[in-house]
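Take a look at these structures.
Common to both upcoming complexes is chain A, partnered first by chain B, then by chain C.
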Partner chain A sequence: MVCVLPGLGREKGKEGEERVVASAGKMRKEDTLKLISAEGFEFVVDRKAAMVSQTIRNMLTSPGSFSETEHGEVTFPEISTTILEKICQYFYWSLQYASGKETEFHIEPELTLELMMAANYLHT
Partner chain B sequence: MGGACSRKRDQLVDEDIVLGRNSGRYCKSGNSKWLGISTGRPAVDIQQVGGSRPSLMELCISKICEDIDKYSTFSMLPRDISQQIVNELVYSKCLRENSLQAFRDCALQDLYLGEYPGVDDSWMEVISSQGSSLISVDLSGSKVTDGGLICLRDCTKLQSLNLSFCDHISDCGLHHISGFSNLTSLSFRRNSATTAQGMSALSNLVNLVMLDLERCTGIHGGLVHLRGLTKLEYLNIKWCNCITDKDMEPLSCLTNLKALQISCSKVTDFGISYLKGLRELALLNVEGCPITAACLNSISELGKLSYLNLNRCNLTDDGCEKFSLLGSLKVLNLGFNDVTASCLVHLKGLTNLESLNLDSCRIGDEALVNVIGLCRLKCLELSDTEVGSDGLCHLTGLNNLESINLSFTAVSDIGLRKLSQLISLRSLNLDVRQITDTGLAALTSLTGLTHMDLFGAHITDAGTNFLKNFKKLQSLEICGGGITDSGVKNIKDLSSLMLLNLSQNHRLTDKSLEFISGLTALVSLNISNSRITSAGLQHLRPLKNLKSLSLESCKVTANDMKKLRSTHLPNLVSFRPH
Partner chain C sequence: MAMYIRAKRSKTTYFLQCDPTETILDIKQKLQALIDQPVNDQRLILVETGEVLEDSKTLADQKVENDAVVALTLRKDDNEFEDVNIVKPNDFYQPHEADGGSNC
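And then the complex of A and B:
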């Protein structure tokens, strides 16, 4: 399993191990969300960041209570690890942008089409 | 300078705005042309996450637009995504014939290429490859020819087609679209090559709801082919000066017509009589037709008519009594007709009226007695009439009045007090030479004003003190020559101002620009004929919204202006000197 330090790239962990890595200090589990890629890689992100995606926001806030809400994890069988990582980076970039830090978000040309399809699905 | 001072602004009411037609997704192209907006963003817009931060979708799309030449096909993408890409490419003017190739077989629904540079027959193959997915195409202003239209034959589901200003399309091309029986909207403006023979192709388009043939000057005799198009609701044949009474006969079958525009044609009272049975008609525009009040015999049978434009016809008082039968009218334009108070008498009962245009009619103070009961009036146009101060007392009860034009009337300072109770007023045109600071002082209660035109009025620095009350002003024109820098100082806190015209005030200096520098909402600024110098331009740097800047006859060169644009005001599209 793999966790991500958002914005700093991927960190390998031991198989089966789950680590929560946040940008500043420890985060409580209920403040995080685990996003799982098609290949089974796990990205633990701040819930607030994940809410940048309208689709995830709807899952977490809709009264019908998706099972995702309880377990704090969402699986995306159609989003590859590379793309999901990029999306997590975007979540954090977006929060920073909103708080006034207007940097450029780099997109590798070879990822663009696939990333766009995922963005479309995630409504982000 | 003389010309500028005696200017006369035409107040044009757009028939389509009155009708409340909105830009629906599938007829956006046609509509936007009618509204005179051709460069708007496509109706199907890119998703917004909220706020101003760009969505990941937007970032991806602009990345693709940057590298568009690296993509050979988008056909693997879902349709709605490729649609967003093509929309953005069109909007950012990055689409070329070769990049269009990547959209072959993408099942696109809309292609809004109106006024897009370079569109010609070579684009048509990819356009037609969208096949039955294609719903709306705008090719207006393109070089597409009759031959190019043949390609469209596979696009059988087409609902909206805009071929306005396509000078290379003739009768023959019209025949290529005669099979599009799903078409609900067709625009074919300004095509002088079309004749009655070409119009015969339209007879198959039985689902047409909107047909725009404005400025097609050779279509007389062809309207017979519209006889069976009974779903037609909007027909525009404005400026088709070939149209005569005979052409009106087939229109009598179009019983679902809601809006008919035949202005500037040769239609007379007799031709209008064919329209009697159009019971759904809500809008009739016959501006500039050689008709008299006798046409009201026919028009009075149109029970749903709410908009009637009779500007620039041959109306006299004779026969005007029939106006009293048009009780459902909301908008009535009688401008530039030879009518007097005896005509206005018959408008008394039209209590649904919201807008009345009497521009240049022969009416004076006593005529306005007839307006007293029209308490729904929002807009009253009295420009170039004989109305003076005494007439204004008849308006004091019009509590809903939002806009009044008194330019070139005999109104003087003493009459303006009577307007002071009309607190709904948003727009006031007082381009009247005899108006002075005293008149302005009487208006300070009108704090809701957003537009004020004092173009030729004799306003001095003292009078500008009263302007401080009008905090919501978005446009202001004072060009009587009486203002100095200290007068401009009184304007400096009107932060809603988007349009400011202070031209002709020849004593204004760079100091004025310094006062204006805080008005960052300004979109248009004119201080021509003043003592402004190039040294003062530095004060304009904060005006980032400025699109139009006029400093004609000042000590400013075209080069200074260009430099200002390139270094500080990138949004400037129009500037003088240039």
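And then the complex of A and C:
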């Protein structure tokens, strides 16, 4: 089954689209963020991708810097590994979609509820 | 962004942005920046087929597609590469996994 969840619509911030310039070139550790799931699994993603989530974007851009962002690690004790990986895939899908590659995002039906709860939490 | 792949080792997944025309060596250089392991000590294996990816070839050459999973293995002290080691969450936690699971 292939579906696109309305609840997971792309975030359209004021600075929206121009931020979605993602390059395939060099990679630097400082530009990545490590997201850690409830079971302690780690997902290393580009900060740019993680900022698809408004919650993470606020963490990364707020003035009184969060200690998490300085270390480049954010732990989500309430998000399971399966869901967190799906969310990371969604971040990248969203960047691709924004750059004009219109594909569908596949969501397994049994993940839907938990994924929507996580998406709500992350403002994604 | 053209595509991304997921490089997995143990409990860690690296999301790497890339282009189908990039070589495996390019990918290893990206990983080097993240894990401080020289490219010579890295080996990438396409999980779907078990194929060891060659440095000189491109992603497209070796049918590595968007959202593909590759296993990262590193050279051990004895100069051999370690076995593929990807831990899955449902090895010890299984609330939602539907595929292939038994109904116990």
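We adopt the following convention: the second predicted complex is superposed on the first by the 98 of 124 C-alpha atoms of A that agree within 3 Å, B and C clash if a C-alpha of one lies under 4 Å from a C-alpha of the other, contacts with A are read in each partner's own complex, and residues count from 1 in each chain.
In the analysis below, a contact is a pair of C-beta atoms (placed from the backbone, for glycine too) under 8 Å apart; a residue touches a chain by one contact, two chains touch by 3 or more.
Predicted, not measured: the structure shown is a model, and the values here were computed from it.
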Combined model on chain A: chain C and chain B, fit or clash: fit
Partner chain(s) touched by A:Q54 [first = chain B, second = chain C, both, neither]: first
First, second, both or neither for A:Y90, with chain B first and chain C second: first
Per-residue touch tally on chain A - higher for chain B or for chain C: C
Which superposed partner A:F105 touches (first chain B, second chain C, both, neither): first
Which superposed partner A:N120 touches (first chain B, second chain C, both, neither): first
Minimum distance between Cα atoms of chain B and chain C in the superposition (Å): 15
Touching both chain C and chain B, counted on chain A across the two superposed complexes: none
Chain B partner contacts - residues on chain A that touch it in the complex: 52, 54, 87, 90, 94, 97-98, 105, 107, 109, 112-113, 115-117, 119-120, 122-124
Chain A contact footprint on chain C (complex, rising order): 1-4, 11-19, 22, 29-30, 33-34, 66-67, 87, 89-90, 92-93, 95-98
Residue numbers on chain A that touch chain C, as the complex places them: 22-24, 26-29, 32, 37, 39-46, 49, 80-82, 85, 88-89, 92, 95-96, 99, 108, 110-111, 114
Partner chain A, residues of chain B touching it in the complex: 47, 49, 51, 53-57, 59-61, 63-64, 67, 70, 74, 76-78, 80-81
